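Right after this note come the structures.
One chain, subunit A, appears in both complexes that follow, with subunit B as partner in the first and subunit C in the second.
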Partner chain A sequence: MKEEFVPDVSLPEVKDKVLIDNPKSLELVKRLKKATNARLGVGRAGDRFKTETLLKFRADHAIAQDAVWTEIDESLVDEMGFYKVQTMVNNKEEYVRRPDLGRIFSEESTEAIKRDCIHQPDVQIIVADGLSGFAINANLKDMYAIMMDGFREKKYKVGTPIFVRYSRVATMDRISEALGAKVTIQLIGERPGLATGESMSVYMAYESSPKKPESQRTVVSNIYSNGIPPIEAGAQVVHLTEILMREKKSGVELKI
Partner chain B sequence: MRLKTTLFGHTYAFKDVKEVLAKANEEKSGDILAGVAAESTVERIAAKTVLADMTLEDLRNNPVVPYEDDDITRVDQDSVDEEVFGRIKAMTVGEFREFLLSASEKEIAAIRPALTSEIVAAVAKLMSNMDLVYAAKKMHVEATCNTTIGKPGTLSSRLQPNHATDDVAGIMASVMEGISYGVGDAVIGLNPAVDAIDSVADILKEFKEFMYKWDIPTQNCVLAHVTTQMKVLERNLAPMDLMFQSLAGSEVASRAFGINVALMDEAYAIMKERKSSVGPNFMYFETGQGSELSADGNHGADQLVMEARCYAFAKRYNPFLVNTVVGFIGPEYLYDGRQMIRAGLEDHFMGKLTGIPMGCDVCYTNHMRADQNDLENLAMMLTMADCNYIMGIPAGDDVMLMYQTTSYHDAAALRRLSGKHTIAPFEKRMKELGIFDEQGNLSTIAGDPSVFISREQEIHLRSAV
Partner chain C sequence: MEQVILSAGIDLGTTTSQVIFSRIKLENISYTAVPEIRIKEKEIIYKSKIYFTPLTADNHIDIPALRSILQREYEMAGISRQDISTGAVIITGETSRKENAQQALEGISAEAGDFVVAEAGPDLESVLAGFGSGAAAASRGWEGAVINFDIGGGTTNAAVFCNEEIQDSFALDIGGRLVRLDENGKITYISDRLMPLIKELSLPIEIGVKAELDKLKQLTDALAMVLLHICQGHELTAVEEKLFINHGIENRKYKRVMFSGGVAECIYDSSLDGDYVDIHGVNKYGDIGPLLGESIRQMFSQEDEIIVLEPREKIRATVIGAGSYSVRISGSTVIMDDGCVPLKNIPVLRLHHTEQEHEIQEEYKIKRRLYPQTQQIAISFAGKRAPEYSAVKAVAKVLADITRNEGDILLVIVEQDFAKALGMLLRQFARQHHIICLDRIHAAEGDYVDVGKSVSGIVPVAVKTLIFKS
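So, the complex of A and B:
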């Protein structure tokens, strides 16, 4: 006898359905939905969600929560030859509760970075797991290739690519300071949204330093297949790097 | 001032007001992270007991960041009405709690000019959750931009049509659906993905055009950094009804946000001159417990008192909207649904007591131990507390900021549950458009964005078939 399945609410196409009863123009609602990945056209039961909308929402939240707690698969950064370091954090639980430890390295780690990595680079690339290792593995390869092409073309001196485990954004200041980098670029997994843990951000700063405020950083966010595609983001970062190198500043000081 | 007490045979001695304030706080992961939280539940109650015995003058004289070191302390202290303060300074915090619970709305409004952030935070620490709702419900703060928010019997909402890449068509799709739920009487306000002058101007214009075309009485805003919005105004690029900025509670933390009091004064002045709105209130601020520690600017104080200081900062600019983004910052500051709910009630109460038109972004992130049920609980409680406004977003899912906030549906359901209304001219227009029925509830056609189909679109779609 054939097994019967209840339809899978986690499938992305479930979000594409129009659930409004008797819309004035179904065609227009479909078009509006195509223009955004916001959950439009869901209709209502009284003033509340329809059951399908509610169940899909709960499923999407469930997978996002699980994504936060999954350790990053490091085979990609290994394959790409990244130099690996870890912050003062020892595990995921501590990572979530202690952002202070996720911003710093032990003295030994700092010394190791100084010993093993290229000093005084024009461009220092850092990859950080942040709150989603999924994001790194989904976007890094495409974005990295474009960035490296751009930097080669500009004849920038590129530093040793570094991967930081259990990392917050501020590790970029410590690494930049240790190596005397001009432009530091950090790719980091964002806190996951519903249904996806694949969104990545890039933080950039000129002479990134723990002594400067957070507003020193220029940010490109929402890098993933349905946001800014990684290839496009890579090109954007190359362009921004040129500006930072030319202007010798970054963040709010830089009005673009 | 007495800094010692005994409880159950143990002595609890505190070194200063700042320590008492911190340890009297309800449990928050951010205070533990800061190393300022009470070490046991009994110590927490001991601190509350000592705090209840302090006078309002003790608190005024001991700001958590010294006057000489911090522009926000100076703003707060300098704004105190000394004559009113003279009348209440001998009151203890415990007596002040009882005053707020038993006084009339008018009596509370009369003593507001005498309060500093430390006083506001202190009394919040002595209040239970229901106390916070009970007292807040007596404090209505109205403000007028194009329309007037905060009147008793209203619950407004911000339409938050965020989009991953600021695509204008995608943003407007969310605006159309939001208005079709009667959401957006507080503001149509976008968090931009890219903080750039031209795209901010384009989106402001698009909102304004929609408001004109469909005659929607509300406000437009794009929540870029204040310096970007100043550039838009300087170059006369777009109509701007509301100017936005995120605030922090100390000068050091504000630096991380790229602002200070002088810059905000400048922003306020240019907005006053060039705004497209009509009323005296044209600023919009967001805040949230924990951002000061996150920016190394908490000065060893707890996150509740630092949050209260944001409201003193906000008050200087007679804002139209102020809301805490309560669950956005993450589990290292508010660990779970319980802490998020507590913080939301505290922030709303403190904002109203300070005298600002307070709303709340009732929200949580995916790395917090919280879910939709916690969010709905807080939203219902705040509606009962007469919170000015909440957010409204498609099915509660912000696809740009990657967190969950209240949905278009939640705004409509909360109005129906509480018998509240949107701002009157907005409600009138929703009735004319057929979106609301005679009672102001959603009609059968509500929730359909294609009611905003234009003549041209209709023709275009028909010819495409």
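So, the complex of A and C:
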């Protein structure tokens, strides 16, 4: 009995529906909607949203919130042999409230990294939960696999892969500095919007350092199933790594 | 970041030939380290004179004369062949059915430029004319289709567009020069293809006879009626059906119609009306073109159901289509080896089943036999949106394996965005080959592709559906 089920308003395809009453051309509204993720052609009830639009909006907002509060599936990084550390942040609430603490490590943690991880790597890979646990869960595995195959092919010395809990982007500078890495690559969950909670970014820098400005970083963003496919992003990161190694610079200094 | 490429379009028609040059501006719209190259602007920077297509006494294309036209026009435009990165030479209308068309294409390649692709075939001409006239762009703003009739000297090429996508194309033996007159109004030529229709209408139109205006008008009215009937979805008579070249059409109705080609110059110009009271007024070009234009204008303006759209280009629609729309660009993340290009006329081997390794092996084995072992081919398949790494790796392994004993270049074209990943794997598994792996390009079974040098990381590709198919 189908009537027993409530439709799942969180599904992306719910947004494809045209809600305008009696559109002059349904076909043209659909065409227009395909051009953007914005909520076009939703009609109205008086001067408010229709119930369906409001529910979809709330569902998308809920996905964004869940993405922020979801912990990454640590069995994933365990299986891949990642070394695990944590920033100065103690829990998710503090992570959201204190961005400054999400960028630094305690002295003990820094010492542990120095003690346990490979020094002077050509390539240092870091995975950070960032603002979306969903992003790492969805994209890490395939992207990591193609990157590793690519680096092996290039015969780069790859450092100990590190997972950082409660991490902001800047942790890559601290780790790079501690280990003396050439190219540091950080995969991090993006701040979710209302389109998806699964989008991941990659930040890369040559001799990444807290003494350098943010403009040292080269970025690949919007990595998820409906954006840049994870394996294509991985191949592009391998390609960019070659350029960074050759040019010995990154970010805005690098003209690509 | 902006980059400019120059494109040439050369149209050798039944009656006229012309050259245009366009400047295509490419722009990287990405803010990140993954480029996203878009065509920002296409601008026609030079239009040649419209020449009569040089023909020899025995009705062949006069290749030396053609060469000197091209040399002169390139010189006048101040463009050397090295500057041209893309473009197309298209041999159209009845000319493409002349036996030396292939020789002509080869004969002018030295003048035209390295990656100016050679194309011919009535269906392809229809599509290019529809892009050049603006019918494709116009179809975006309406529900339903826009049909473009490009009416030249020898043929009418029709293309149907819906939301800028080509839906159908066909060609007919309807043209302005299928009957020709001398300065005294005496008939000097009648195309064989019109004879059944002339017979059916029992018209006294014969070579050597002085033409009567109303009789010629009856003929052009009958030709215009065929176009109208196509738009109205009417059944065509057996004689009318015979006017189709290669294949007929499905019965559909078309509400929005656009005309281009030389005859269209007379369709949209109602100021010509007064000129047609006698045969001398009509006989401006020594043919029935102006009269055909008038018939079409009269017949279509009487129909309230049909909207006639104004084209952006008329007589230049095909050449502009050839110069600006014949080449597509690949996705922005690909694997390219510029040392291997240009590659021309590479047949496409399309794989329909790429889920299982043994399926790929079997399908490839069967289809590969169609081409000599030494022949360069392009392997094309759709692929999944955001495919899994293990699946792509498996495909790469099989492709490397099955092409092990083939030539130097492994050329793979996919539709979804994963060519850089696939190409990277192919480089690992097929070390003896140069790898070219491109995405965002649809190439179907039986197509031919030309691949040019990369520009800002993207690769120009011409996908040709028909080459001298008749």
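Please note the rule applied: the second predicted complex is superposed on the first by the 218 of 256 C-alpha atoms of A that agree within 3 Å, B and C clash if a C-alpha of one lies under 4 Å from a C-alpha of the other, contacts with A are read in each partner's own complex, and residues count from 1 in each chain.
Going forward, a residue touches a chain if its C-beta (ideal position, glycine included) is under 8 Å from a C-beta of that chain, and two chains touch if they have at least 3 such contacts.
Keep in mind that what you see is a predicted model, and the values were worked out from it rather than measured.
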| message | Output check: A:114 vs subunit B and subunit C. Expected answer is one of first, second, both, neither. What do you get? | response | neither
| task | Would you sort A:38 into first (subunit B), second (subunit C), both or neither based on which partner it touches? | result | first
| query | Touching A:252 in the superposition: subunit B (first), subunit C (second), both, neither? | reply | first
| query | With the two structures laid over each other on chain A, which partner does A:84 touch: subunit B (first), subunit C (second), both, or neither? | reply | neither
| field | Which superposed partner A:48 touches (first subunit B, second subunit C, both, neither) | value | first
| message | For A:226, using the defined touch cut-off, is the partner it touches subunit B, subunit C, both, or neither? Pick first, second, both or neither. | response | both
| Should A:215 be classified as contacting the first partner (subunit B), the second (subunit C), both, or neither? | first
| query | After lining up the shared chain so the two structures overlap, which partner does A:239 touch, if you call subunit B first and subunit C second: first, second, both or neither? | reply | second
| request: Check the residue A:142 against both partner chains and state whether it touches subunit B (first), subunit C (second), both, or neither. | output: second
| Given the superposition on chain A, which partner contacts more residues in subunit A: subunit B or subunit C? | B
| field | subunit B and subunit C footprints on subunit A, overlapping residues | value | 25, 27-28, 31, 221-222, 226, 228, 256
| remark: The subunit B residues in contact with subunit A across the complex are 29, 33, 161-165, 167, 169-174, 176-177, 193, 196-197, 225, 227-228, 231, 255-258, 294-295, 330-332, 335, 365-367, 371-372, 393-400, 402-404, 407, 409, 412-413, 416, 441-442, 445-451, 453, 457-458, 461, 464-465
| task | Flag every residue of subunit C that touches subunit A in the complex, lowest number first. | result | 32-35, 140-143, 163, 333, 385-389, 392, 416-421, 423-425, 427-428
| Contact set on subunit A toward subunit C in their complex | 25, 27-28, 31, 141-142, 145-146, 149-150, 153, 204, 218-222, 224-226, 228-236, 238-240, 256
| Considering the complex alone, what residue numbers of subunit A touch subunit B? | 20, 22-29, 31-33, 35-44, 46-49, 53, 57-58, 60-61, 64-65, 67-68, 96-100, 131, 190-194, 199, 213-215, 221-222, 226-228, 251-252, 255-256
